[in-house]
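Take a look at these structures.
In what follows, chain A forms one complex with chain B and a second complex with chain C.
What follows is the complex of A and B.
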């Protein structure tokens, strides 16, 4: 029995839900747009700080918005899974002889598709509002890679929590952990501008490096955020490690459902 | 029709499931023969659904074992899944999808080749009378339509064993009859059916054999007519004024053992048969018991249930 065929069909079901229940997708779409516009307007003055890596606040804040949206694309499927577990629909999927991995790979395809859709909408809006991809197409691809990575690890985390809690308690933990994970980085200020415990936490938080990957080519004026391999591999490594751990967390959670 | 345990489509031995301290299913033994409709009868919370969830691989047994379609549910769950069809209690169907889309999803999950998916979908929609509604979202379906779609979904891969968990709960009488007829038709075509229900009539009408489950244990098992015959005596049910109940109870005890009945009534199993009813009425009159209502019932599955558990299934629901 084909894992990919089953996963594709499960993914198709989730994708069909986007136009049929758009309210479930709107938060993931509005979050980056809101973050980009509100933060870049409110905190425009930070770009005047000597040494700030860009003079365009929207270039600084759009990537964090996109990563928020991508994360919500992933955990949004965690919410859907909770609903499916609570209504019993998930029993139908589990009772089928389809390979168990298809139940994770299918939602993963959906999370990626939602993330691509999000980028296709948010990035042009950002460009219209003044974002400049100084790094060209590589900068766009770097942002896309970072956002796909965030959606993957968020999906694994969301599914794992959904399988363990099996009700809406998991939803609050999913959202809170994503906020904490993304804010305890250089989301607001460059790492070198941050002092104290937050500096240490942000330095060791792997999501900081995914954020570097997302900002490459958007903030060319700094010393640590240039478009370079040294800014690329830590982000990619963080994505691979965190996504691997999150998907393994989901797979073990799926097995626990039978028990 | 009997089978040896080795080729029974469903065989459970000491099947047990605990949730913490609660023994939801407490060591049941069960054998369902090929080609029969087996009814699993019991009130809400008796353990029916938990037993079905174990037999359909959704839940691991705490102890014991179950062989379904020739495979152990704990060690070969995928083999079991390929051979069984399941319609669970709540007809859990995504309301955003259409009937056709759901059938196509189910077809892919069960490995039906792409070339056959459309024809199989159309065939099943026709079978359950949903061809016209196939392209409508399930959210617009009535309860009966959802149940029929659920049944169609469970048949996508032509299973040899079918589990129906309370398939008619909440349905109107017409929808219930339609579903019963479809279950009979499937059974005539050779499908073995395990049906859980809390409706006595459903078990009586459909099942070749039944097991009565209460508090996680099977308390009776056999053919409905045999079980009713075992209970034996007809039940006389009387309704008397509240302050006459003690006097009425004393009179009734002269004619047989008291049986559990719905609240506010008294029941007695008439050991000498229905011909003593006139004697009972005379004795009640002599004891100055004012009789409001009287009825006599031949043994029913509810009597079997009451005899086995000490309480009535229908009384529980009222």
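What follows is the complex of A and C.
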């Protein structure tokens, strides 16, 4: 059986789990909606600070919500993998003649599909609540690229941890690390408005640049955050490097599981 | 003769009940502190968010409607206390659900102990943990600029308020634990607390909000609780601050304990 065919079958199984076990997918869907509404409502006034790159708080906070949801789409599959390892189903998968890479590529397809579903639901809700894509269709594509990137690296990280810990301890580490990684960025305020330790951490945190990629079409033209190649390539580079490392971490974990 | 003996027996029975409740409270407190994996997040996350907010929102303190503060950290101290205590109070209720799941609760019911003592003891443990959390947050953040204008007196009121909030939320969560006998169900209510906290003036002043969000924050009791504590931090002692910080959680507490006791009675009656 070819890698892609096996991956397709594994992905299909994971997708079927959504209606069968909605509680595993709903948090990833509700989180961006809640983050978008709660942050833009609570911190509505920050857009009045001179120099803030948008006059709509929901424009500023929707991308971080989407990235949270995309990350949880990825690590949600990590949770499923832990359950499969604990119940012994994963042993049966490993004993099957499916290529090893299919065990990673299959869940990756599922993560991407979940992320697309998430965007298809969250973006229209955001638009209904007042989000305006200043950069047009390119803005939507940027947001989608960033969210697919986040789901890829979260999936690699989640699978790698699941293969190593093989129990629910990994779930807590997955959630905590993704949560902290996303918060230690310009999640709440533009980088130039952040002071002290967080400014330094956010500057060197590559996820900040993925967030720039996600946000660039939602801020006003002429600001340092607007749609430009200089706000695109660092985000794409961060996605490629982090995803590569995370998927390699997953593959090594799978090899260790085999041993 | 009986008129002399009856008050003595009643007083003995009350004393015994008190000792049993104290023992249950002590067990519950020890159990909480013996599980750092459960206690840790409710201690670390509020401090993490306070540090994050202090760096992120330092420029927001000059916005129109923002109260006069020395730093954003000083503004967020009250929210940090309430946030930590809310999250921590879920832990105690989840432990009660676990007691029900693993049969320990049934063994307690078989023992000649006061039924209310079993519940109140568990809740007292949550209240102690809530007060310890409040004291810890104040002690950690004060040296970094979260100075309390009402000084140690105000800090004591905040610690007391933290204990009462923990008792109130712990009671509500315990009602869920007794009804469902499931630690997962108790943990599942956590997002509701998160929503309640976010749709209040905990993280930003109500004066800077607008529209529907402002209206929700206006009717959310968490807003007034946090604002009471915040007044103690930013302004100093006042009757209104004391009333908000102590009486609001006490009122919620009375209702919540009654709900939890009723749930306990329902459970006992169904057996």
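FYI, the second predicted complex is superposed on the first by the 257 of 259 C-alpha atoms of A that agree within 3 Å, B and C clash if a C-alpha of one lies under 4 Å from a C-alpha of the other, contacts with A are read in each partner's own complex, and residues count from 1 in each chain.
Basically, a contact is a pair of C-beta atoms (placed from the backbone, for glycine too) under 8 Å apart; a residue touches a chain by one contact, two chains touch by 3 or more.
Just so it is clear, the structure is predicted and the values come from calculations on it, not from any experiment.
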Side-by-side fit of chain B and chain C on chain A, or clash: fit
Which superposed partner A:97 touches (first chain B, second chain C, both, neither): first
Touching partner for A:258 - first (chain B), second (chain C), both, neither: first
First (chain B), second (chain C), both or neither touched by A:46: second
Superposed arrangement (fit on chain A Cα atoms) - minimum chain B/chain C Cα distance in Å: 20
Set of chain A residues, in rising order, touched by both chain B and chain C: none
Touching residues (chain side chain A, partner chain C) in the complex: 30, 34, 38, 41-46, 48-49, 172, 180, 183-184, 188-189, 193-199
Sites on chain C touched by chain A in the complex: 37, 48, 51-60, 62-66, 191, 195, 198-199, 203-204, 208-210, 212-213
Residue ranges of chain B touching chain A (in the complex, touch as defined): 56-60, 77-78, 81-82, 86, 88-90, 92-94, 96-97, 101, 104-106, 108-111, 137, 153
Sites on chain A touched by chain B in the complex: 1-2, 5-6, 8-10, 12-13, 16-17, 20-21, 84, 87-89, 91-98, 102, 258-259
